[in-house]
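This is the structure I want to talk about, given as structure tokens.
Which chain is which? They are A, B and C, in the order written, and residues in each are numbered from 1.
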Amino acid sequence: MHVQASEFTRVSTEPGAGRFPAAPEIEGRYHREHRGTVGEVRLDLPRMRCTGVDVHYGDKHALRDVSLDIGMNEVLAMIGPSGCGKSTFLRCLNRMNDTVAGCRVSGEILLDGKDIMAPDVDVVPLRARVGMVFQKPNPFPKSIFENVAFGPRIHGLARSHAELEEIVVSSLKKANLWDEVKDRLAHPGTGLSGGQQQRLCIARAIAIQPEVILMDEPCSALDPISTAKIEQLIDELRRNYSICIVTHSMQQAARVSQRTAYFHLGDLIEVGETDQIFVKPRHQLTEDYITGRFG
Amino acid sequence: MSDASETARTSYARVEAGMKRRRAAERRFRFLGKCAVGLGLAFLAILFVSIVGNGYSAFWQTRITLDVTIDEATIDPAGAREPQVLRTADYGALIKQSLRDMFPEVSGRRNRFALYGLVSNGAGFDLRDKVLADPALIGRTISLTVAADDDVDMLMKGHIDRRAPESDRRIKDNQLAWIERLETDGRIGSAFNVDFFANGDSRDPELAGIRGALMGSIYTLLVTLGLSFPLAVSAAVYLEEFAPKNRWTDLIEVNINNLAAVPSIVFGLLGLAVFINFFTLPRSAPIVGGLVLTLMTLPTIIIASRAALKSVPPSIREGALGIGASPMQAVMYHVLPLALPGMLTGTIIGMAQALGETAPLLMIGMVAFIADVPGGVFDPATALPVQVYLWADSPERAFVEKTSAAIMVLLLFLATMNALAVLLRRRFERRW
Amino acid sequence: MTQTPLLVVLLLTLSSLAYHFGRKRAFAVSGGRVRSLHSLPAYYGLYVALWAVIPALLVLGLWLGFEDGVITRLVVASMPPEFAGLEPSRLNLVLNDIRNLVVGNIVSSAPDATIIAAADRYRELRGISTIALFAATLGLATVSGWVAYGRIRPEHRSRNAVERIVMGLLIACSTIAILTTVGIVLSVLFESIRFFQAVPVTEFLFGLDWSPQIAIRADQAGSSGAFGAVPLFAGTMLITLIAMSVAVPIGLMSAIYLAEYASARVRAIAKPLLEVLAGIPTVVYGFFAALTVAPFIRNSGGMLGLDIASESALAAGLVMGVMIIPFVSSLSDDVINAVPQSLRDGAYGMGATPSETIRRVIIPAALPGIVGAVLLAVSRAIGETMIVVMAAGLAAKLTANPFEAVTTVTVQIVTLLVGDQEFDSPKTLAAFALGLLLFFVTLALNVLALYIVRKYREQYE
């Protein structure tokens, strides 16, 4: 376990070192060579299948050799300390990293059996199938109606205005927002509360009928009540969509997800059923993180 | 569940169906963007090509070599070599005589007049300077190279078509024949145009130079720099470091922002009404030009200086205050030196703006025809851009090339100043 | 006036002496224990030096400001009574003659004895004034410096005093912006009021005929129709409109392209090159318009069978548009970059193409800022002078045809004020009325634009 055991012993001979572990110990203990992911990486019938995904930001190797399946109609939570690569991985799934200058992604990511990393794949229809909700609610400076109608409009999903209205209404209903906004669809989306804005963003994402919804810490900017509403919504949406959610809150992962993946400094350490991960982690790092030894 | 995947499939089919149209729209939009950038750059290129194409030839001057006999009887009949006599003598007559000697067949007043017109009116002055420098030349025959008249210059530079009908040409057939003879004799040539940099303005294009305008611009800019830099830095220091946030300072801020956008000609009106009519400062003087341009560039420099002060992190101030410096000492000894490069950059950019400014100078009379090179800030003067305006208004063809050349000099100065600003920024730029 | 630099040098020498003595005295009163002083010794020196020089410089400034007026009045008082009774404009001519005589310039007519005597008197008074000025300022500097010197004690708070003085100077400098605005308003306002006494405001603002050259004789001033500025407004609008229809699409699209599409390398080259357009003096554009663009438009119009004036509004407007491109593009670039990345992410995350993101999200979000930028550009186009002076016409014509020659407000200001002028004729005063109008229109546009832009910025902060 202790790769730099000699240093550890040297440090521990100093008085007081036991209570306050010094830097070499932390480095030795938590920054170690990765030896493959522990747990059930593969599923029988995956919606998405990632194999050997690597991400570089300039010189920085942000994500190392990640392989992971995302199942149908499941919520997969990704947890880990800051900078562990969980958001980076999420953004690979609909190629949002393309917009980041200096970012290189390699490896294979299949969506329903087709490689989305192939150079001839157009990101536009891909993103129509893999929607995304961001950390900070980002409604467009338009009316509530127009916010939800944005996707159907640009993708030409509605053949008529009636159809468009139908999509907007059903999306708002699915996002549990309809009752709160049905009287003010023409009001600006930016005028809603933070939690409502985030649900508007979810409604906006599901209006284009994606197969997968990616959520990047969707509740980190929200109060507990709004968070609870969104978590309930995620659970309902699971019936129709595959959902990947990045969260910094282990409790949230435990509440909403069926499976959990634990990332650490660019490595995928462990994947498994959420119950199993939180009750009986198989990897020492996972256990240390979950029990709050660091993070 | 199957229902959901069904709708997903139909919606995905619709997305795919629209892709061709959307990719085309994307390409069109991108193309429009490229066109806009391309057009902007094309305008820039056309502008430079047009100016340089018209102006580069002004740096050469057609010159004619004459054999001049410096006849003592004409210029110094008394033979006393008194400077006063030598200075006021009629050297033009000697030049004319040498032309007559070269073309003895020319007769008649009109033809002779046309012959004299081949060389510049300034030729006599060149001869005078030579004789004054060395009176021993009197009585000898010397070979003198003088500037050709501007029409001859234009002909030699190809701006006048020799094959055009005579009535369409400013050079007549008989003059053309003389010029061709000068050419075969090897007496007509071209040399670097020293006059253009050494002379003041003149009605004769071949004698007109930018020295006067250049000096006028330099004096004006010196006044502007001397006033605007200390004023702007002080104002910026007060507003950024000490000013309380209240209505009065808000008013000052709004004022500065607005002044930066007031049309320059309005500053000219201010200068005319206040400095010339109220304070009775001399018209056409660089001092007034400098004052007006100071008021005009102040907002620019203040805004740049405030940005420079703002970029100094508060930790520097806190550090100084923490060891017991007064707020004034913290600013003067610690913040100001760090902000100075940024302030200088802003000042140079403001000066470049002032150098190119024309309209307010027209208002305060720096647009008069002034042949002398100014010797100080109270002398009547003009400025480089105003000289461009004056020459652009002149009808002679030769002034087109002079104007373009003056513009090239002006742009050279502006480019140098901006390069200096960029250099300064690169050299001292700090990221905190 | 010619002695002023010498006087300033003397005063500065005096103040550096004062600094030296002040510092020495500080050492002296501390009895060798510098720590017993309240401030560093240099501050005592500065205190004395500032006290020595500032009151004297103030007096110098005031003196120079009023010297000429006072001397002139004294000279006029000393002249025979018939001169004092002259009307102001005639008296001014006489005074000009006197001043010219003093300086040694050529005088308009052979000077008579009274004028020569007055000139002598003028010269004599100037001499007295110069001596008095030297005596007053140097004396004042010595006295005030001495008083400050006398105040030096160990417990004297010199640093605080010096800092108060410096702060006062800083505040004075920062009020120059206000003084400038006040100066502009007052100078154009006073002359405009005089103009409106001769020509009714309504006629100026709504009259359809502009031909100021008729009104040469005083009794003709404001004769009907000569000062109707509507054709000037129309001409200004026409040229501004042409300029905007060049500058806004090109400027906006190039800002969008450079901000959202171009690679870092293209941006690093194209952006500074475009900004070069903004650094070129307007007189160069004017020359370019008159020499290259106007003949080109005229010739290509001729080929199409159009009759285009050689000073067409089109040529001036086109070149002005080119000048304004970088202005629009750099302001738009700022507002586009102020649109938060999260909105772009939101649109891209839903599968919008870059152009859809720009047109449906970024531009609507940046619209207030862009409107502000365009307003600033309009204000700049209205106030632009040299291009129109060199490339647009002089004759006021009420037309919307871009192929005809029109004139603008700024062109008229220049034509009315450049060259020989009598300061009191309605012709010259009209220029100030136009200047007043120009100032307030551009001011209103700027205030509005800055307000919109600021509101827009706050929205995303």
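In this text, contacts are C-beta pairs under 8 Å (C-beta built on N, C-alpha and C of every residue); 3 or more make two chains touch, one makes a residue touch a chain.
Small disclaimer: the values here were computed from a predicted structure and weren't measured.
Visitor: When A-B is set beside B-C, which has more C-beta pairs in contact?
Guide: Answer by contact count: B-C.
Visitor: Hey, which chain is the most central one here, using CA centres?
Guide: C
Visitor: Calculate how many whole Å lie between the centre of subunit A and the centre of subunit C, each centre taken as the average of the chain's C-alpha atoms.
Guide: For subunit A versus subunit C, the centre distance works out to 58 Å.
Visitor: Any idea how many Å lie between the Cα centroids of subunit A and subunit B?
Guide: Whole-Å distance between the two chain centres: 61.
Visitor: For subunit B and subunit C, what's the span in angstrom between their mean Cα positions?
Guide: The mean C-alpha positions of subunit B and subunit C differ by 20 Å.
Visitor: Which subunit C residues sit where two or more other chains touch them?
Guide: In subunit C, residues 351, 353, 356 touch at least two other chains, as defined above.
Visitor: Going by the contact rule already set, what residues in subunit B reach two or more other chains?
Guide: Counting only residues that touch two or more other chains, subunit B contributes 15, 22-23.
Visitor: Using the touch rule from the top of the page, what residues of subunit A touch 2 or more other chains?
Guide: Residues 124-125, 128, 154-155, 208 of subunit A touch two or more partner chains.
Visitor: Given the complex with subunit B, which residues does subunit C contribute to the contact?
Guide: These residues of subunit C touch subunit B: 1, 65, 68, 159, 163, 166-167, 169-171, 173-178, 180-181, 183-184, 187-188, 190-191, 249-254, 256-258, 261-262, 270, 273-274, 276-277, 279-288, 290-292, 322, 325-326, 329, 351, 353-356, 358-359, 376, 379-380, 382-386, 389-390, 410, 413-414, 417-418, 423, 431-432, 435, 438-439, 442-443, 446-447, 450.
Visitor: Mind pulling up the subunit B residues that touch subunit A in the complex?
Guide: Going through subunit B, the ones touching subunit A are 1, 4-5, 7-8, 11-12, 14-19, 22-23.
Visitor: Sort out for me which residues of subunit B touch subunit C in the complex.
Guide: 15, 22-23, 25-26, 28-30, 32-37, 39-41, 43-44, 46-47, 50-51, 54, 230-232, 234-235, 237-239, 242-243, 251-252, 254-259, 261-267, 269-270, 272-274, 277, 279-280, 295, 298-299, 302, 326, 328, 352, 355-359, 362-363, 367, 378, 385-386, 388-389, 392-393, 400, 403-404, 407, 410-411, 414, 418
Visitor: What residues on subunit A touch subunit C, complex-wise?
Guide: Residues of subunit A touching subunit C: 94, 96, 99, 101, 123-128, 131-132, 134, 136, 138-142, 150-151, 153-155, 201, 204-205, 208.
Visitor: Could you please specify the touching residues of subunit A with respect to subunit B in the complex?
Guide: Interface residues on the subunit A side: 73, 122, 124-125, 128-129, 154-157, 208-211, 239-241.
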